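Chain naming follows the written order as A, B, C and D, and within any one chain the residues start at number 1.
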Amino acid sequence: MSIDLSTTLGPAWFPTPIFTASGCASSGRELAQFFPLKNIGAVVTKSIMVKARPGRPTPRMAETPSGMLNSIGLQGPGIDSFIANDIPWLVEQGARIIVSIAGETVDEYATLARRLRSVPGISALEVNISCPNVENRGMVFACDPVSSRAVIDGVRRIIGGDLPIIAKLSPDVTDIVAIAREVVNAGADGVALINTLLGMVINTETMRPHLGGKTGGLSGPAIRPVAVRAIYQVHQAFPKVPILGMGGVRSGRDAFEMILAGASGVSVGTATFGNPRATLDVQEELEVILTEKGFTTLRSAVGFAHRQDRQDRQDSPEMSGE
Amino acid sequence: MSTINRYAQQISAQVLSNKRVGQYHQILISVGDVVKYCRPGNFIAIAVGGDNSSMVLRRAFALSRVSDRGEFGGTLELIVAPHGSGSRWLCSQGEGALLDVVTPLGVAFGIPTEPVTALLIGGGYGSAPLFGLAEVLKSRGCHVDMILGASSSSKIYAPLEGKRSVNSLKIYTEDSSSGIPGRVTDSLEEIISEGAIDVIYSCGPMAMLSAISTIAQSCEVVHQCAVEESMACGIGVCMTCVLPVRQDDGSIAMKRSCIDGPVMDGANVAWEVVGKIQETKE
Amino acid sequence: MSIDLSTTLGPAWFPTPIFTASGCASSGRELAQFFPLKNIGAVVTKSIMVKARPGRPTPRMAETPSGMLNSIGLQGPGIDSFIANDIPWLVEQGARIIVSIAGETVDEYATLARRLRSVPGISALEVNISCPNVENRGMVFACDPVSSRAVIDGVRRIIGGDLPIIAKLSPDVTDIVAIAREVVNAGADGVALINTLLGMVINTETMRPHLGGKTGGLSGPAIRPVAVRAIYQVHQAFPKVPILGMGGVRSGRDAFEMILAGASGVSVGTATFGNPRATLDVQEELEVILTEKGFTTLRSAVGFAHRQDRQDRQDSPEMSGE
Amino acid sequence: MSTINRYAQQISAQVLSNKRVGQYHQILISVGDVVKYCRPGNFIAIAVGGDNSSMVLRRAFALSRVSDRGEFGGTLELIVAPHGSGSRWLCSQGEGALLDVVTPLGVAFGIPTEPVTALLIGGGYGSAPLFGLAEVLKSRGCHVDMILGASSSSKIYAPLEGKRSVNSLKIYTEDSSSGIPGRVTDSLEEIISEGAIDVIYSCGPMAMLSAISTIAQSCEVVHQCAVEESMACGIGVCMTCVLPVRQDDGSIAMKRSCIDGPVMDGANVAWEVVGKIQETKE
């Protein structure tokens, strides 16, 4: 099969569009027992913070219909240990690396960018702005256009033009297109859609919220229609902005759906928990589907669902449910 | 860590038999060559619910007994309590059914290089990995005593063949329906000192493991316990299964029970803050 | 079993807390083939508009993992036919009736309220504000605090104190507590949580959005964690405001979960499509569960998951996912 | 409307047999007394995927043949094409499996009170309800001709027993793999006039029903067709399955194919706007 699967997110090039999702592959090491990391498009690492963090109390997960809630609380070793131990190991494996960063203040994001900008072997930064902003009433950065903009702006200034910046947005907003507009204007090279939806499960035995952290993030196939909608809306509004799609992708068909909606790359998250090889399986299935559909390049499939749309614009996609 | 799960494989395993034993199901599955790498204390992660399942996560089960001989080649025995929807589905799978499994996973029980006197303590289906462990210990010349406990007699899993592999077996039930009335920890100190126990191996509910740890520490006996935290991935990538573990420098780190466990040194687990900890100095 | 299942939403009393969900029981007639409508708490009718409406083009539905998308487009006979044909029939059945109304302008809601206020046999109005507001850039009323307030305010003025008004909110907002605050301040007696989430499925055969209306509303068990979270948040903020909970309820356990989170009533929607008797089954199962848990009244279970919370307020439930 | 679905019941039906016939599965299920109310043209809605299914909606299938005699009491025969995940699950259910079904649903074919000459036209598994219908028509003294079409021979469902209940049977395949090459509508006008057809009954893909309707109208023959729109509820409560139907006053109303159908008068369906209509005057 001579199909060209390569893709770009801003200036970064990847041999295939299928990546791991942040927080669902740790720093890659554990997955390497199941397939060579260099065979997929890229490893997106667990969001790293400036300091080491123990995370939230357990239980940290609850299974839900076709999905799950997690409330890890960004447990991690901190940026210094990450740069010293994890990056070199991934480089050694020949993997493409996208580092996800997270902070509680605008400055923390800038600090992370400063620490990372001269580290060799990184293809892009994913800026996870779905964390509570301690400076602004604890409101999640990605839920507020001004805070979203401030984070990306700060990171962009530090990074300069060197590394592509992908802003990861939350679906828990009234108007995701408006948030995408802000981060793109602030200099993001692309957007990652979507992070988890805020959810809760109550344990009917104990009659208390099941998770130690009470609320958690909903992921998995259950949320795929929300992710596809978000990708479609943002691609429609900004056809030139590359999108890294994610949310419930479990098969090549699902990745293809996101690509048709407008994604240039697709991350596989929760599916890895059910199938350690999921990322590679998705990639192989996608290749077969693209070939069957007669595409010779991945690029030509990106946003394909919009093409025929241009003809019948009268029925607006900005409609609601019932 | 890079050697953990090194031999883990995702394979299709056939159910060879599924028998009800008390409140449990004893399920024998055929796994082929991967059996060579399976040790007592390792676990298996099984996809549940079939092709169109709404359950997206695998379920973890301790390997009860591992055999690489016999007409079916490599086989694993699991002891499953029909608890919620996933384990009930598994218990409903009949002979011939195919399971999607990943195994062997996690850290196995450490086996002493010298012949020692070992005490194996199991609660409920926690006895599952202990019979396989007992066989291995006996083959290394160890003396093996076993204590099993449960709320009631039907929750004691103690197969006949299993009993043969231990030197002594005591059973405790809380409702006095069989064996000694009470809990496995009731006379543990006496048993340890009278039996001149060198090492305790345990598996069962967290509260039991915690109680054993306290006693083991006061008696200065090594305690290897197989913990059970709810796990989303089972392979170390999600961080849901963490336990607070004391480090050499006295700080507490949140360790993954799937990959830094399930077998852990009971003396290091910070039992008092399990499920509570939010801040530690790392 | 002598458990008291009765509940109230503002001044309206219901013998049980289990209702149908708007749009999932039509006007009741078709369900009456499967159980007597008077046996459940109430029938919530399909949102009715001023004029008859043909709705959106087909396909109008897509099944999704543990859920479905619908894009009906509020097909219906219009308020006159509804009052003439449907209400009297429901009254005859001895059913409690909650009429759901929907409009494209603030005035349309007021018109509906005017037509309904003197119709006998109605227990409450559910005001579905999850429709696009034609006067405000097509933005959904419930996505904008000002529009939400205007609608409820208009309806309240017409209705006076006679009929309880329940404002039905959309989960597709950054801050559902803020919207709830507005509608309560405008005079809503309670809130219904949640309407569907905006989603999309792309048909990978045709490579086009599957639904005739492109986007649709996501419902079913997939969204239950989002619904429980919304109910929990709003009950926490306004413990005295009655909540009609819904979103993926399929069993007595699920209804109990919503009640623990703070719902005084629970609507069963999509589950009816898989099981025509779902509403009654949920009610019967709930009664068993409440009894087993030692509750003697439904009321004492409402919001129970919050009670123990009051002690450990330090970990705020306004946390995000990862 | 208040009489529609009046006899519908939700019951547990056992699979008595499941045979592959060409590209279809012929599935016989035991439904007990409810069979008394089942008529050709009615359908059955089946829950798919088992207890932990991620598929929340039932799947609709035409009743192929209805029998209230025989050793199993009331039975229904279904012809199922393994198409997507739900129908594939159904086709994988073996003898003894229990299905959660709701039946009889929808409007059945109208049966003439006088003996007439009827032409039954089926496309693909659309022939399913026609054999049962043929039996009923024959028992009323009607003359029954049948035409079946499909893309290929393996997609023609025409059981031997079925053939006996019709006076003539013509088969069309688009790839010429059996019968006459081409489509069922190719010589329909001639067949209607030569056979002096009074009424056409049809079932199959929407495009076929539409083409038959055009011809039936030009020949002034009554045309009852069983339509197939995707259905979420199957019982008239969700409004997903609508079709544009011309009313007496010339306006177009969106009618539910589950409850105002699936059998509809072909002359009334506004075929040209199916799936397109957005605005009509009601």
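What we mean here is this: a contact is a pair of C-beta atoms (placed from the backbone, for glycine too) under 8 Å apart; a residue touches a chain by one contact, two chains touch by 3 or more.
Since the model is a prediction, treat every value here as computed from it, not as a measurement.
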Review point. Touching subunit A and subunit D alike: which chains?
Key: B, C
Study note, to complete from the structure: Relative to subunit A, the most remote chain by C-alpha centroid is chain D
**Study point:** Between subunit A and subunit C, centroid-to-centroid distance (C-alpha), Å
**Key:** 32
Point to revise | Interchain centroid distance [CA atoms averaged], subunit B/subunit C, Å | key: 46
Point to revise | Rounded Å distance between subunit C and subunit D, as computed from the means of their C-alpha atoms | key: 36
**Study point:** Chain centre separation in whole Å, for subunit D relative to subunit B (CA means)
**Key:** 55
Revision key, fill the gap. Where subunit A touches two or more other chains simultaneously, the residues are 23, 65-67, 70, 72, 220-221, 315
Exercise for review: For subunit B, write out the residues touching at least two other chains, lowest number first.
Suggested key: 54-55, 278
Exercise for review: Counting only chain pairs that touch, give me the topology of the graph as line, ring, star, complete or other.
Suggested key: complete
Review point. How about subunit B: which of its residues touch subunit C in the complex?
Key: 54, 278
Review point. In their complex, what parts of subunit D are in touch with subunit C?
Key: 1-2, 4-6, 8, 10, 47, 54-58, 102, 229-230, 232-243, 252-254, 259, 274-280, 282
Study note, to complete from the structure: The answer for subunit C against subunit B in the complex is residues 65-66, 221, 315
Exercise for review: Spell out the residues on subunit A that touch subunit B in their complex, using ranges where they run on.
Suggested key: 23-26, 29-31, 33-34, 46, 52, 54-61, 63, 65-68, 70, 72, 75, 212, 220-221, 270-277
**Study point:** Residues of subunit A touching subunit C in the complex
**Key:** 22-23, 47, 62, 64-67, 69-72, 74, 128, 130-132, 138, 140, 143-144, 170, 172-175, 195-202, 204, 207-209, 213-226, 228-229, 232, 248, 253, 256-257, 260-261, 289, 293, 304-305, 308-309, 315-322
